[in-house]
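Read from first to last, the chains carry the letters A, B, C, D and E; within each, the first residue is number 1.
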Amino acid sequence: MSGQQQTRSDPPVLRAEGIVTGYGDHEVIHDVTIQSHEGITCLFGPNGSGKSTLLKTLNGIVPIWDGTITYGDVDLSNAKPDEIVKEGIATVPQGGGVFGTLTVEENLRVGGFTVSDQDAYARRREEVLDAFPALEDKLGDRADSLSGGQQMMVSLGRAMMTGADTFLLDEPSAGLSPALVEDAFELVERLVDRGARVILIEQNVKAALRLADHVNILVAGELAFDGSPDELSDESELMEVYLGL
Amino acid sequence: MSETLLQTDGLTKTFGALTANDDITLSVDRGEIRGIIGPNGSGKTTFFNSLTGFYTPDGGTITFEGTDITGWEPHKIARQGVGRTFQIAAPFENMTVRQNMLAVQTPKDVDEHERAQEILEFLEIDHIADDDASGMSGGQKKLLGLGRVLMLDPACILLDEPTAGVNPALADRILDHLRELNDQGTTFMIIEHDMDVLKQIVDTVSVLDQGKHIVQGTFDEVSTDDRVREAYLGSADDEEVPI
Amino acid sequence: MVSTDLLAQSIVNGLLLGGIYVTVGVGFALVFGVLEIIDFAVGEYVMLGAFMGAIVAPMVGGEGLLVVPLAFIAFFLVGMVIQPFLHHVTTGDRPMPLLMGLVFTFGLAIFMRGSVLTIFGPNTRAVPTKTLEGGIDVTGIGTFPEVRVVTAVVGVLALVGFMYYLYRTTGGTAIRAIAEDRDIARLMGVNINRYQSIAYGVYAGLTATGGVFIGLIYSAGPGMGLQYTAFAFFMIVLAGLGYLPGIIVSGLVLGLAQSLTAIYIGGDLVFFVLFGMIYLLLLVRPEGLLGKGEVA
Amino acid sequence: MGGGSDRGGDKFKFGVVTSLSGDLRFGGEVTRRGYDLWKKTVNENGGIEIDGSKYEVELSYADAKSDPSTGADAASNMISNESVDAVLGPYSSNVTLAVSPIMEKNQTPHITGSAESPRIWEEQYKHTFGTVPTVTLIARQAAEEILSLDPAAESVYVSGVNGPFSKATASAMRNAAQNKDVEVLAYDLNPSDTDWTSVVSSAKDADPDLHFHGGHIGSHVSLLKAADQLNYDPNGFFCHYGVNTSSFKDGLGANAAGTFGATVWLPGVERTGGKLFGSAADYAEASQAEFGEAPDYTQAGSSAAGIVYQQALEELGAAPPLSDSQKSKLVSIIEDIEVKTFYGDVSFDKEGDFYHNNTSTSPLPIQLQDENEAVVVGSSASASEADYPVGK
Amino acid sequence: MGAENDLTVRDRLQGLLDRDDSHLWLFGIGTVVLALLPLALNTFWTRIALGVLLWVGLAQSWNMIGGYAGYLDFGHGAYFGVGAFVTGIAMAELELPFIAGLVIAGAFCAVLAYAVGVPTLRLSGAYFAIATWAFAEAMKELALIVEITGGTYGMTIPTGADSSGIPFVGWPDEMFFYYLMMALTLGTIVLAYWLFEHSEFGFRVKAIRDHEDAAQSLGINATKIKRRVYVLSCVIAALFGGANAYYITFIHPNDVLAPIITDQMIIMALLGGLGTIGGPIIGGVLIFLLNRMSSLFLGSTTLYLPLIGLLIMVIVLFAPSGVVGILRGEVGREDVKRNLRELGEKFNIL
């Protein structure tokens, strides 16, 4: 089984090639190719350009109309979300998406849903509580009683429970106070330190750029930029028009 | 001497054991842009909900243009001149953008259609006026929220995180609109987490922490205040204000 | 003059009647609260269970109780198969998906009721039992009808079992997670099709099991389901939406109100008083009797 | 309008509006058997004889769903589209009360073989007839006979369903007790789908000699089950309607035995007999052969309604299809008809509260005895010994 | 019949439908057709058309509160029944002409709906649905036990030359009722169109449905508007109830106050297309005809019942936006295929 406790070695590349998709008859993503680079791959773009949609093709929520998605040599085109999770790809949805009526502990349990090995489960839970000590006191509390920042920790911790080595994060900092924004980005970095690869959607472009190892800009469902942050700084028009920099 | 438009006196709101707004006394002058900041869960949205009649305060009074509006129903407060937007964009999904605008209870003597068109053009969303509101992107929804409240033509507008989740380029445009409206005389209260945004636009900032109104002052005063740095900005030891 | 014997007996009657309502309400509370399905076919599962009792019992030596496990298994499977359809009509790009579920189950109810009427005819049929006959007289309190006592116990046990499953097991936690957000539950690796089917299957099985007992208590007939559908709806709002343990309280309150009204106010007023009471209670306590329901 | 002849004219065509679904589907099913059996038997004999030629009978059914609106539309359809010569009536008084005005308007004869509520006859509809005596008569007379069983009852508990037929039944039972100077401990009406333990508990507390209950079969079954569950055991239960139907016996199983009921007809009774079926026993045999089930009086009354038409048409002497004036004439003939059938002598009241109801067939108290066979009890010549007090 | 010909007819129809004033055209043509219809129909078919009108009107009245305002009223039938009884009592007990009875019924139900609406509209979602349901059941039970309605014996309404209150119309027959129903139904449709599709009032109602808080923050008095819609829709149901009572002549609580009355209105509006003018019309026509025709023409079997059930399920499965969707041609071969594939995926339960 892949995706089981082998995070230290470099995870496989998640690659989406020639993706076309949309909702109903309305095509939103037009032939886009992106992949998970080492470290953090940022995905920027105007509102409604299709960032979340693209991410949802990677985690299986939105079926693709055309193109292929591969993870290493495993073909994940139109695989079900639960199969994708089992391969080692976890998602932190827009807004965190904690299960508000469940306790923190139960949120983690749902995160570890695919882990049948009790020992592995316990070990991973330890790791999460190590990473987010603030959660220890809150395990029995309902998740919706937590502050926004704590909820983001739950969401990240829950994603870690799946045992993933590739993380898809959709605007983890949105709506958080400046202190928590910092915390959130720190958490993302911590994932990378553990050897994971991250695809990160952000509107907080300045802060995200500081972490980025690779940048994609999606405009109206098409890739307007694909390169390193350094290369991006040469594209002043892109920076200004789409990133407000 | 500027004129006080909106004033709260000892405003308190509790949810069971939790005091979400604790004795908040605060006043906003006509023509001002007031920023409201504070950590997540400090009671900012609750404060707006109390001001606009969605929550009945457990204590204290709200005065608007000299009228005591405490305990009024939301629509009456809105008609009195206090408009607002919501933290989570709340378009009327099953209507077109224009119908969203026309639904607003406008003052009697205005031509609603003309006014709606003007505002949509002003906000640069007139090209999608007859599309369904449900198909709009996040940023456009925020603009529509602003547009609707402009239909009301209130003296004071409360904005709950107008730029959160909005692409920076678009956020800049929203700010430009706000400044323009402010020049025309509209008073604003803005909840905002983005210090960059705040710095550009506000006259004064009020800080809430654990339901209390702890500090008020100019942006520079507030952002260097120790209590604020500790409670909110989170890096009292840093030199730079994190952005 | 109010006889104390009669008072005690009518309280017994009311509590046991409440037990019958609980057996129907438990599963319904689950699908409504957790799967967010407004199932108009709930009473028809009761009817089908009762019919299964009437038809199968004579084949197993005339003992209706033996049908109970069979009914559970049979309707668990039926429910597993029906759930994907319900899931399909309550998701996707439909306007008002929740209401489409309502129409779908309305059609399902007509289908079930009409099929039984057409196949088995309009007759009322007994669900025989040799074990549970008559009542146990308890001096000073009254008579406890055996079959009703067993039914109430089964209802309460089912509720406890449900609660245990939902709050103490990983599968149950997954079901509650699905209730909050299907997509995010999928992103945690939960096969939501499977767990929703299990939940609906358990509901169908349990409700049909309740139907066997109701058949034992009354009898089986193709039109019997409608009133249980109404009661199931009333119970879950009185219990407070999404608050499972409230079902016991709302069941008992309804049962007691019905029994006491019949004896002390007048038999013909029973449902007027009952429905009037439900209406007023909802106005006064919109979050259910215990105030623990989610306010929609 | 109505009665056009755009249909084949070699058969008499009857519309049947009855409730095959909805609340009153049990009874509807029974009437259907009665009408079907009549048709089958007439046609086996070649049909109805008019001027030496025989015309077969055709039935056109519609399901009134126990719903008056549907029933009224069904009746209208029978007249406008099906161009029927006459209509056989609905089961359930509510539907009858909605169908009758349509028959008045279209001057088409209408006989119901089952509706028993006195309400129908109060309306004095000219075109509507009924072969089963109103329940006011059946229940009262049967109740009086049961109250006369030895040892004579001193008290009775009367319960019933709060429905048009059932309430009339319960009230007739109460009147019977009052007539016989028996104490009525309670007159307890309830919604049909109530839980009957309350009634049983009250009754048990009151401890009557006899328990009378007016309702349809479903409520009898629920009441008697509750009585069993609560160990309530008066000297006897008298339930009307339907103790000798299969639905009642199936619903109660072994507990059905001993229950008293009322009827106007049983396979075992001696009636003047005659037209079409011969004796009551012959009819029962025919029914058994056709449906595998013993008929009850509703079914018999429905078949008798057919026989009334048959007789009236023969007297009219007009070949199908009937014109409007022939239909009117048919109504006058039915009004004066006297026909001897396996079911008894049928004739219709010409005035009073039971206008157009056949009140001449006399009611009989019955009891379900061994093997759930119903026998006549009480004072009539053909009566068997009642098992009374029941089970004691 | 050439396929080409079909196409052009369809295209032309489509062209007409696409026009901005298409609804006016449709309405005009519809009115003329409806007005002439009874001349072409025999009594029975007139009755059926009348039934269609009745149910279209009722479904439309439910659609006002349920579809446009988004308040699932599970007790709407109560007003149909109360309207019937008030009309009946006015005619039978007070010996008033029908028209007067109908007006009284409307007024009575306006007051009743207002009194019920004030507390009940504070509830929302399922709580509102079930409170109204319980209310309707209580009304039915009440009508069964009080004397003035005839209790469980029901009530027969006087008929005769002078009972209608309208000069020149003699013995009320199917024609009279047909045109009465037509007037009521078209009136309801016009009113619904004008209020909900053509005025700011309608936008406000929909705004409340979509997001009540946001609506209030924009100065919309949600309480008042909801109350108005509720009272209006209830009064309309009551008028239909009164007219139907006089038409059917015999009313009984178990029939005119039956929960199935409400259920049918809901199903018609939902299947047709909720919150649209066309939905309840199409749903009403379809469901009424299906129901009535099958019970009248399928003779001595009840097999049609499961078939109707199945048909409803199939429509919901394959026509996501109701029957309107089928008519719009949204249920092509591709759509059905996609639907089946998606349905198949949900069977992945192991």
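Just so it is clear, contacts are C-beta pairs under 8 Å (C-beta built on N, C-alpha and C of every residue); 3 or more make two chains touch, one makes a residue touch a chain.
Heads up on the chains, UniProt names are A, B = ABC transporter ATP-binding protein; C, E = Branched-chain amino acid ABC transporter permease.
The structure displayed is predicted, hence computed values, not measured ones.
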Path length in steps (a step moves to a chain that is touched) from chain D to chain E: 1
Joint neighbours of chain D and chain B, given as chain labels: E
Chain whose Cα centroid lies at the greatest distance from that of chain A: D
Of A-B and C-D, pair with higher C-beta contact tally: C-D
Most widely separated chain from chain C, with each centre as the mean of CA atoms: B
Computed distance of Cα centres, chain D from chain A, in Å: 75
Centroid distance [mean C-alpha coordinates] between chain B and chain A, Å: 31
Rounded Å distance, chain B centre to chain E centre (Cα mean): 43
Sites on chain E at which at least two other chains make contact: 141, 144-145, 301-302, 305, 348
Touching two or more other chains - residue numbers and ranges from chain A: 80
Chain B, residues touching no fewer than two other chains: 94
Interchain contacts, given as pairs of chains that touch: A-B, A-C, B-E, C-D, C-E, D-E
In the complex with chain E, residue positions of chain D that touch it: 1-2, 16, 20-21, 23, 25, 32, 36, 60-65, 67-70, 72-74, 76-77, 79-81, 94, 97-98, 101, 105, 117, 119, 123, 162-164, 167, 191
Chain B - residues contacting chain E, complex: 52-54, 73-76, 78-79, 83-84, 86, 90-95, 99-100, 102-106, 112, 145, 148-149, 151-152
Of all residues in chain A, those that touch chain C in their complex: 23-24, 59-61, 80-82, 85-86, 90-91, 93, 97, 99-102, 106-107, 109-111, 113-114, 158, 162
Partner chain C, residues of chain D touching it in the complex: 20-23, 25-26, 28-29, 159, 162, 188-191, 193-195, 197-199, 201-202, 204-205, 217-218, 221-222, 225-226, 228-231, 246-248, 250-253
Chain D contact footprint on chain C (complex, rising order): 3, 5-6, 9-10, 13, 16-17, 20, 114, 117, 121-126, 128, 133-135, 137, 142-143, 145-148, 217-219, 221-223, 227, 258-259, 262-263, 267-268, 270-271
